[in-house]
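The two complexes that follow have subunit A in common; it is paired with subunit B in the first and with subunit C in the second.
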Partner chain A sequence: MSLLDVRDLTVRFSTKKGPVLAVDGLSYHLEPGEIVSLVGESGCGKSVGIMSLLGLQGPQAEISGSARFDDQELLGASERKLRLVRGKQVACVFQDPMSSLNPVVTVGKQVAEVLRRHRGLSAAKARLRVIDLFERVGIPAPAQRYASYPHEMSGGMRQRVMIAMAIACEPRLLIADEPTTALDVTIQAGILELLKELRDGTGMAVLLVTHDLGVVADIADRVIVMYAGRKVEEAEVRALFNDPQHQYTRRLLEAIPQRGGGRDRRLHGIPGTVPTLRDSPDACTFSERCAIASERCHTARPGFAEAGPGQAVSCWHPGAQTAPAVKGAVR
Partner chain B sequence: MRFLARAGSALITLLIAVAVVFLGVRALPGDPAVALVGQEGDPAALEAVRQQYGLDLPITVQFVKYLEQIVTGNLGTSVRTGMPVSEVIAGAIPVTLELAVVAISVAVAIGVTTGVIAALGRGKATGWLVSVGALIGLSIPAFWLGIMAILVFAIMIPILPASGFVPIDVDPVAHVTHLVLPALVLGSAFAAVIMRQTRAAMLEALTTDYVRTAIAKGLSRRQVVVKHALRNSLVVVATVVGLQLGTLIAGAVVTEQVFVIPGFGKLMIDAVTTRDYPLIQGVVLITATAYIVINLLTDLLYSLLDPRMRIMSGGSA
Partner chain C sequence: MSTTVNGVRPALQVTGLTKHFKTAAGIVRAVDDVSFSIGKGEIVGLVGESGSGKSTVGRCVVMLHPPTGGSVVIDGAEISALRRGRLRRLRTGFTMIFQDPATSLNPRMTVRDIVAEPLVIHGMGRSGDHPRRVAELLDLVGLPHSTGTRFPHELSGGQRQRVSIARALIASPSLVVADEPTSALDVSIQASILNLIKDLQRDLGFACLFISHDLAAVEYVADRVLVMYLGRVVEVVASETLNERAAHPYTQALVSAAPVPDPDEQRSRQRITLSGDIPSPLAPPPGCHFHLRCPVAQDVCRERPPALLPGAASGQLVACHLVSPGTVD
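And now, the complex of A and B:
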């Protein structure tokens, strides 16, 4: 049985300009101890998709489908039920550690709060445990840092605080939404390394959300590529890098910045922008930007089909080679 | 450092205020000597009064003498009562201070509570009711509210005294009952302002990332609202309270007039209507000082509530 089994997740927003289909029939699963990466350009529905799982999406979102965590349905579950899952069994790390931490509460207290809530620890016991956690996530002088405020720490240290908070109750799943995007390139590798270490040490699964395939190569086991609210390709990380099937995956690989390159990791390589879906169209959503799109791509929607062992793709012309060649093969 | 700089600029502000008041008072129509001696007073008596209070000297000399006096803590002698101005003011200030403190406490308690309720109940009947209540509280002038309060609670249902003031050492119970209506009247508009600010700050705080983090931790709704959203909103509320203290003093003038309370506000009006120059000067000087000190204290309170402000004021981690 999978740890997390998401089926047909669909998230719609009613806006003044009409309905927006942020996530469209997304299905995936996560096994215990696995690191799965959800990759796609900004605005393709990654955050909306994962926030919906824990009921963190505002009431404007219209959510359908199913998300079973440990055989417990999360979508549509009561707040009371969700509160027992949040922070305890499924924990989150968000993109911007500055805004994600409360500016007027010490970082130690913010982490201790989770332990007091879910483990019922006394303030003194929670404090000792937090200092342990700080040490574990690589925060120097953890006892002194307990009483620091977020603005007194660097971005990397703040993200380590967020991670300490997330692993405090030994969750079975850690959801990290662009955990390194707001950080300096030099800090990013350390945070990713820490996530991997924690997975190896505790056996928790990690759902790593990122727009940068470069982040994925070193730590993910499996990759799910999303485009405009849909899954377009899924593969083991090695297969994905060595033999990408979808044209969009290819473009993402080409867009990986070279090692030591600047801090801007935005995708330069793909012309055009992610369309905002109003409705499920009768076409491949990528056809407008695809270099090899045929007549059929514009008139019919490709299904999701097996393309190799552990690899599947939603494309009418899977694996087709186009110039330029793929640069970012896995080492 | 920042605090010292602010204190310095406060002093300069104060000096300017003194000069403006000094000149402004002398621009008022009416002769204080005439007010004292009476319209039909004989010229010799007028002259004697003018000499006694230095009103016959050139205005620059009067100003320098006045500054000298202030520095030594001497605010002059009230023309009308013959008592030292400092003594008259010192007698009135505690009364107003007590009224203000009670009014603020009532206003903060009501304003913050209803503000949170309004924010959490947005789009629901509760939120709407509280907002309309605040709008009414804001739009009713203090004097009208005061008269209505007297009419209802002192005349129609006589449970509270209509007006007056009883010192605490004379009768503590009567002291409190005499304060209830004026404090409620004075605090009502203030409560409405605090409610609106709290509501706005809460609505903003509830959409922040750190509140999302708090929810993602599995905290209860109450913990999320009180420990995370409200804690941050209070920074805004504290500032508003500080900035509105001036308005509160203005409100005290009216309230004390309506309820016949011998406080600072009533003293101010009495001083102006009787052309008591030294008293007017003293009253305005004290008001300006209070205003400046309150602003400094607000700054201090702000840095207590918001740790990010501490670095700017020179402290460090």
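And now, the complex of A and C:
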């Protein structure tokens, strides 16, 4: 049984300009100890696809489908039940630690509060445990840092506090939404290393939302690529980078500058923009920007088909090799 | 560094640039004695992490911040010594592209008016000719003429950045400072903008200071790379040799920390992990600014700041006591 099993998740928002389909029939699963990454560009639904599981999406969201964590249904669960799951079994780390921390309470006290609430520890015991956690996530001088306020710490240290808070109750699943995006690369490297250590040490699974394919290459076991609310490809990390099957995945990999790639290897952007969807179209959502789209791509939604061991793709022309930038004017 | 490039007058010559900001907490030493030059038609990348002072250098170069000390010479004119009126007349020669086109374009102006504004402000050309010039620029940056009547909010992020590039180039500047021009964009859009900057630079021949935290993007567009740490330049190296020849321990750490989008390579790389954080520019440490985090720091590093001296590779400069001049590796 999977630790997390999401089936046919659909999330709609009603906005002033009408309904927006943010996630369109997304299915994925996560095994214990696995690091799975959801990647895609802004607006692809990767964050919504995760936050809606925990009831963090707000009342204007209309959610359907199923999401079972450890065989308990999360969608439609009562706030009381969700509160038991959140923090204790599933914990979250977000992009910006400054806006996730209370600015007027010391960081030690904020983490201690989690332990007192979920674990019923006394104040003194919680304090010792927090200092221990701070040490584990690599905060120097943890006993002194206990009494620091968030603004007295750097971005990297604040993110370590967030991770300490997230792992305080030894969750079985850590959801990390762009956890290193606001950090410098030398600090990012340390945070990614820490996530790997925690996974290796405790068997915690990690669901990592990111737009950064370098981060994916570093840490993910399996990758789910999203485009315009839909999953377009899923693969083991090496297969995804070495043999991408979906045209969008291919084009995304061709668009990133490679270190040491030099100036002569020409990059190729993807012409056009991501569509904002009101309804689920009977088409591939990437067809408008795809260089090899055929008639069928514009008129029928491709299903999800096995493309190799552990690799599946939603494309009518999977794996097709093309000269990039055939369609559209990309300079 | 204060010499000319191949005997030709450089497009930009920065000497001993220093910028301090007075704050309630004390004096922030954002830029501390920075010198470099950019040759005509050259793209120089400026990399560093937050707080390194790279954006402040960019802003001092175009006089958005008056420098505290040092000089900025563009095309032979020492603009850092000029009074406002004279500086204003020379402003058409240098220009800036900002990170976030959503906040650097006036939301109440049409694209046409935004792009033409430098011509209006500087009284360049007859106003009857402006529409033709705007159309030329829209062609140049790959926007349809119909965008001219649109407002910034009607455009995508990539289109907006094309508008700010058109505005930056309409007065035919000889120097363009681009401060993180692709950092707010999605990767599929980033590539098109990087290509656009490269192509325009090649066709129009302006010199460019390309500021970014993204090493791969800098390697892709720049001829040379300047690496900054806590207000100082620690290394200058040709971009194609950045990976192999980086000699300063900070540059090496930066290169090793930036993830490469290839799982096999990324997972087998040797990584240099830095401890601690970048110190506060309110109270930079004595000696080499990097010594607190440097894995190989010695006593001398704590005492004296190192000079920027030639390294082993051609054109390379390194500010490190432990890298002997001309004998890197």
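Going forward, the second predicted complex is superposed on the first by the 308 of 331 C-alpha atoms of A that agree within 3 Å, B and C clash if a C-alpha of one lies under 4 Å from a C-alpha of the other, contacts with A are read in each partner's own complex, and residues count from 1 in each chain.
To be clear about the criterion, a contact is a pair of C-beta atoms (placed from the backbone, for glycine too) under 8 Å apart; a residue touches a chain by one contact, two chains touch by 3 or more.
Just so it is clear, the model here is predicted, and its values are computed rather than measured.
Touch criterion met: A:His118 reaches subunit B, while subunit C stays clear of it. Using the contact criterion defined above for the overlaid structures, shared-chain residue A:Gly156 touches subunit C, although it does not reach subunit B.
Looking at the shared chain after the overlay, A:Gly49 reaches neither subunit B nor subunit C.
With both structures placed on the common chain, the touch criterion links A:Arg238 to subunit C but leaves subunit B unconnected. Of the two partner chains placed by the overlay, neither subunit B nor subunit C lies in contact with A:Pro171.
Within the superposed three-chain model, A:Gly108 lies out of touch with both subunit B and subunit C [touch as defined at top].
After overlaying the two complexes on the shared chain, residue contacts for A:Glu79 are found with subunit B alone; subunit C is out of touch. Legend: residue contacts after superposition of the two complexes on their common chain; A:Pro142 is shown touching neither subunit B nor subunit C.
Comparing subunit B with subunit C, more residues of subunit A are touched by C. Put simply, subunit A uses no single residue to touch subunit B in one complex and subunit C in the other. Partner subunit A is touched in their complex by these residues of subunit B: 208-210, 212-221, 223, 227-228, 231-232, 235, 305-308, 311, 317.
In the complex of the two chains, the subunit C residues touching subunit A come out as 49-50, 142, 156, 158, 186-196, 198-199, 213-217, 219-221, 239-240, 243, 253-267, 271, 273-278. On subunit A, the positions that touch subunit B within their shared complex are 54, 56, 79, 82-88, 91-92, 94, 96, 99-105, 110, 113-114, 117-118, 148-149, 151-152, 162, 165.
Against subunit C, the residues of subunit A that register as touching in their complex are 41-42, 140, 154-157, 184-190, 192-193, 211-218, 237-238, 241-242, 251-263, 266-271, 273, 329-331.
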